[in-house]
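Each chain carries a letter (A, B and C) given by its place in the written order, and its residues are counted from 1.
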Amino acid sequence: MKEKDKTKTLTPAKRKSNFTRHEERVANLFILLPMIGFLIFTLASFGFGFYQSFTNFNPVRQETKWIWFENYKTLLKDKNFKDAALNTVLLMASIPIGITLGLLLAVYLKNLAKGSKLLSLLYYLPAITSAVAVNIVWRYIFNAEFGFINSFFGLKIDWIGVDFWFIKIALWIKGVWSALGVTMILYLAGLNNIPLEYYEAASVDGASKWQQFIHITIPLLSPTTFYLVVTAIIGGLQSFAEAQIFANGQKGARTIVWYIWERGIYMSKYGLASAASFLLATFIIIITIIQFRRTKVLDV
Amino acid sequence: MKKKIIAPFALTLLFALVSCGTTTTDSLPGGGSNGGGQTSQQGTSTIEFFGWGSAEEQENFQTLVDAFMAENPDVRVIYSATDASGYMTTLRNRGSSLPDVFYMPDYEFMAWADSGRLYDMSNDVTQAELDSVWKLSTDMYRYDRSTTTLGTGPLFALPKDLGPYLLVYNKTLLQQIITEKGLTIGLPDPHVPMTWAAFRNYLKAIKKDNVFGIGSYEMMHAIYSNNADYWDATVRQQRITDPNFVNAIQFIADLHLVDGVMPSPSQQNSMNAYQRFLNGGAVFAWMGAWDLKAFWNQVTFDFDVIPTPVGPAAGAKSTSWVGSVGYAVSKNSRQIGAAMRLAKYLTFNEESARLNYKLGQAMPNVKAIAENDWVNNIGLEGRSLLPENKQLFIDTVNQTELIAGKNRSRYYLYDNTAILDFEDSLEPVFSGAKTAQQFMREYASSFQDDLDENASYLY
Amino acid sequence: MSMDMALKPVKTRRNSNWHKRSKGEKVGFVIATIFVIFGALTMLFPYFWMVSTALKTIAEANSVQLILWPAKPNWSVFRDLINSPAVNFLPSIGNTLFIEVTVILIGTFSSTLAAFAFAKLKMRHRRLKLLVLMSSMMVPYAAVMLPQYRAYLFLINFFKVDMSNPWPWPLLPLIIPGLFGNIGMTFFLITAMKGSIPDSLLESAKIDGASYFRMYWQIALPLTKPAIAAQVIFWFVGIWNDFFAPSIYLTNPKVWTLQVALTSLNSSYGTGTNIPWIMAGSFLASIPMIIVFIIFRNMFVQSVAFSGVKE
């Protein structure tokens, strides 16, 4: 009896909105875990880090002092931080090389009938090898006394030594080796999206292969190029394994994240390191926002 | 609906994460103001002893701890150790729950003594006990918190040992070179320090292909032996632009750049002086008493120690740095009595002092054992009789007319950044890119900034 | 898209048209081929060097002379390394797998559930919520590392964890964040689910009285299995190769993961490291993921290419 009354008072609209509200509640429940994860591990952590950058936590005294912008001032005066920033930027010089070579490789592989699968597999191997293994083997390839490079070419260069440039050259070479596979794969995917008709039409108009490359391929691949450049920059800004494992703390390879690790974890200077992390994070967030807007990631 | 729960939950978490850092020792819950000590029902106290060391040192310490427990059946000691490089970080990360007894190295002593978290041992040790060990080793662990002065005031740690770092040479190799080259110079004098000029000439005379005169040169030895220091007596003003200091650094650099008797920074990077000395690639090197075990067992050559060369400055005296580690007791330990008993046992016990020198671990800290047993080679034989010149270790900590020993630079700092960054930046001088004078002039203001920051913790 | 698809040659450029090409083109192609093959060998060379050096004696590895392949390859180096107690090789693989299994099982559940909600369920402020989650992709690890570390230290001291036997505590900071889901996976799956789950199927399920959870479990998951598998493989390799965070938390050898155990072999001076061992270790650590890649390479490329190709 009661049920019958209920259905009589429920209009179709009301019945639908009950459904919707229920669905909404379930939807919110379903996304609860990632939301909580975000709150704790991203928002709260980032917020605390921001707060911490204005303090000086002394672990020996177990005291926290609020010191306003002192950490930031120290950071900007600190030669170690400025050197780390400079190193980080300079190390990214291998990005354009890796991207260019990756593009050329992808174009080549597209034209190949046989063997492209094997070749692309070989080129992608470095990308799935752990950073630790990669840095270790290259560290010993570049070793001054018994490394392959010096032995084979008869050189006596102290690559992973105190010189400012040699260590960077070594890291550029390793960097291109590591990154080539990823850029190649992405360009291959991008090349697939270029309609054949464009090339056919250009051939008909008398354009050479080179001209077609410059005027069709490269412009139409610009979204991929943009994505590769931005991702490589964001990755490069956060590089740590190179400084720690390849260079074992050598001055010429110290990056920003290495500085944060040294000051924060090793020397327990949490406030100073948090200030550096905050500056780095702000920079990366801005670049990421630009990338996201350009590629319209949110349109899912 | 779920959203209404999220917000306060998040705020609570945020608050919790924030409040972690703003509490002092007393208000932290649970793991707060207590050390590890507890008393179990049978009346035995349990204390935690934390240190560092190689697998072998840890074994030796476990033996000592077992002997202590045998003599003190009402105390149970839980001993654990990490590797040396991670020790301080681990200790700092223990937050407010420190071990009952733990290693306190010289280079961190000031910060910890100043924090008030170390137990004041002044009333638990008698003057007679203190007199039985080297004066330098007990004075250095005194600290006056009200005037932030080292060397006076309450005693905050007991000395484990003193480690003078001395100039050692490969006697076998040196004699070989002298014979080969038909030189008229003899072995270096074991009692009278050479001047820098004499030392340079000596090294040049024994120069040979593939063998360096000296593997490296200790910075502090050159600085201290030229009547110079990094800072003034108050440690607030830099003194690295002082001519004596500059000359000391340049002297070291010139050993490679001018005389060619020392490896370049690159070469030192790929093989350190210690390794080079063991391989016979260098005649002179530096050693502490802790290296003796390796020198006895891993190599077969004869070696001995000689006084550190003294610089040309007025008032200069041959000075070597003396490192040290102490045993500290946590102020908040629940078993202060038991902890002090362990610390005193480890410090004053004569058997452990003997064990130290017999195992080639350290110079005995108990004066009587060092001056009577050790110097007279009691219980030593074969290779463990080396080095002959043990008296030099004793003279260095006692200070004689010609020989002196001084604490390491970082001992005098609250915050070691000044020295760490300085040593890190010096490379251009040693590779010849800059003269020492140029470098000091340019670096002085950074160094002063670091000293100012150091002072900001104390004043 | 799969690697096979990505590599399908463009119709008009198949080498069957070789005879139609100009001489210049042919020469160019040959030169390019030489470079590419040389490059492929350069890609392989470090792996070869790893193995050849691993098989050398310590003296040979340290020798100034170039030794491409040792006279007497020491094949037992791999066994010695695995059995060495100082390196903790097998236990470290165990720790790595412990992290892998817990994180991927629960994390995939969290991510897929959320992806389903975003893709197929009605919710208000959907874009806003997506934006919120997306912002966690923007914040670099370095920015949250120190606060999480301090929180971890606080908990360790609060619960008086015995740091000489700390298992599994130091592994928790590496596991717990992952349990809440992987935003990259969620984003990838939103597109996949939108495409592969017809609304009509959900409608009829609703009419049949199925709960939303059942729709997720019995419709969404099976239909997007390939996409989920692709993301899982990608995540698996990522965790296996992860180094930075583990190196901070896992200081005690008992809790080392594989990558951290590997770095323990690296010492500060050229002399003093057991070079054959560290090469053997690097090789052994890399092989599993290379095998995974060879088997699952299509799924791999799918995940990698996803973000890059949106326009």
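Assume a contact is a pair of C-beta atoms (placed from the backbone, for glycine too) under 8 Å apart; a residue touches a chain by one contact, two chains touch by 3 or more.
These numbers were taken from a predicted model, which means no experiment stands behind them.
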Original post:
Among the other chains, which touch subunit A and subunit C together?
Top reply: B
Original post:
When the contacting C-beta pairs are counted for B-C and for A-B, which pair yields the higher total?
Top reply: A-B
Subject >> Chain centre separation (subunit A, subunit C; CA means) in Å >> reply: 14
**OP:** State, to the nearest whole Å, the distance from the C-alpha centre of subunit B to the C-alpha centre of subunit C.
**Re:** 43
Subject >> Gap in Å, rounded to a whole number, between the CA centres of subunit B and subunit A >> reply: 42
Original post:
Multi-chain contacts in subunit B: which residues touch at least two other chains?
Top reply: 17, 21, 93, 95-96, 269-270
**OP:** Scan subunit A for residues touching two or more other chains and write them down.
**Re:** 28, 35-36, 40, 44-45, 48, 52, 143-145, 265, 270
Original post:
Listing for subunit C: what residues touch at least two other chains?
Top reply: 147, 150-151, 270
Subject >> Interfacial residue positions of subunit A with respect to subunit C in the complex >> reply: 20, 23-24, 26-28, 30-31, 33-38, 40-42, 44-46, 48-49, 52, 104-105, 108-114, 116-117, 119-126, 128-134, 136-141, 143-146, 148, 151-152, 177, 180-182, 185-186, 188-190, 192-193, 196, 199-200, 209, 223-224, 227-228, 234, 237-238, 240-241, 244-245, 248-249, 256-257, 260-261, 264-265, 270, 273-274, 277-278, 280-281, 284-285, 288-289, 292, 295-298, 300
**OP:** Would you tell me which residues of subunit C are touching subunit A in their complex?
**Re:** 1, 3-16, 25, 29, 32-33, 36, 39-40, 42-44, 46-47, 49-50, 53, 61-66, 110-111, 113-114, 116-119, 121-124, 127, 129-151, 177, 179-181, 183, 186-187, 190-191, 194, 212-213, 216, 237, 240-241, 243-244, 247-248, 259, 262-263, 266, 268, 270, 275, 278-279, 282-283, 285-286, 289-290, 292-294, 297, 300-301, 304-305, 307-311
**OP:** Could you pull out which subunit B residues touch subunit A in their complex?
**Re:** 1-3, 6, 9-10, 13-14, 17-18, 21-22, 24-25, 89, 92-93, 95-96, 108, 111-112, 114-117, 265-266, 269-270, 417, 421, 424-425, 427, 431, 446, 449, 453, 457
**OP:** Using the touch definition up top, name the residues of subunit B that touch subunit C in the complex.
**Re:** 17, 20-21, 29-31, 36, 80, 82, 86, 90, 93-97, 269-272, 275
Original post:
What residues on subunit A touch subunit B, complex-wise?
Top reply: 25, 28-29, 32, 35-36, 39-40, 43-45, 47-48, 51-52, 55, 57-64, 74, 77, 79-80, 143-145, 158, 161-162, 251, 265-268, 270
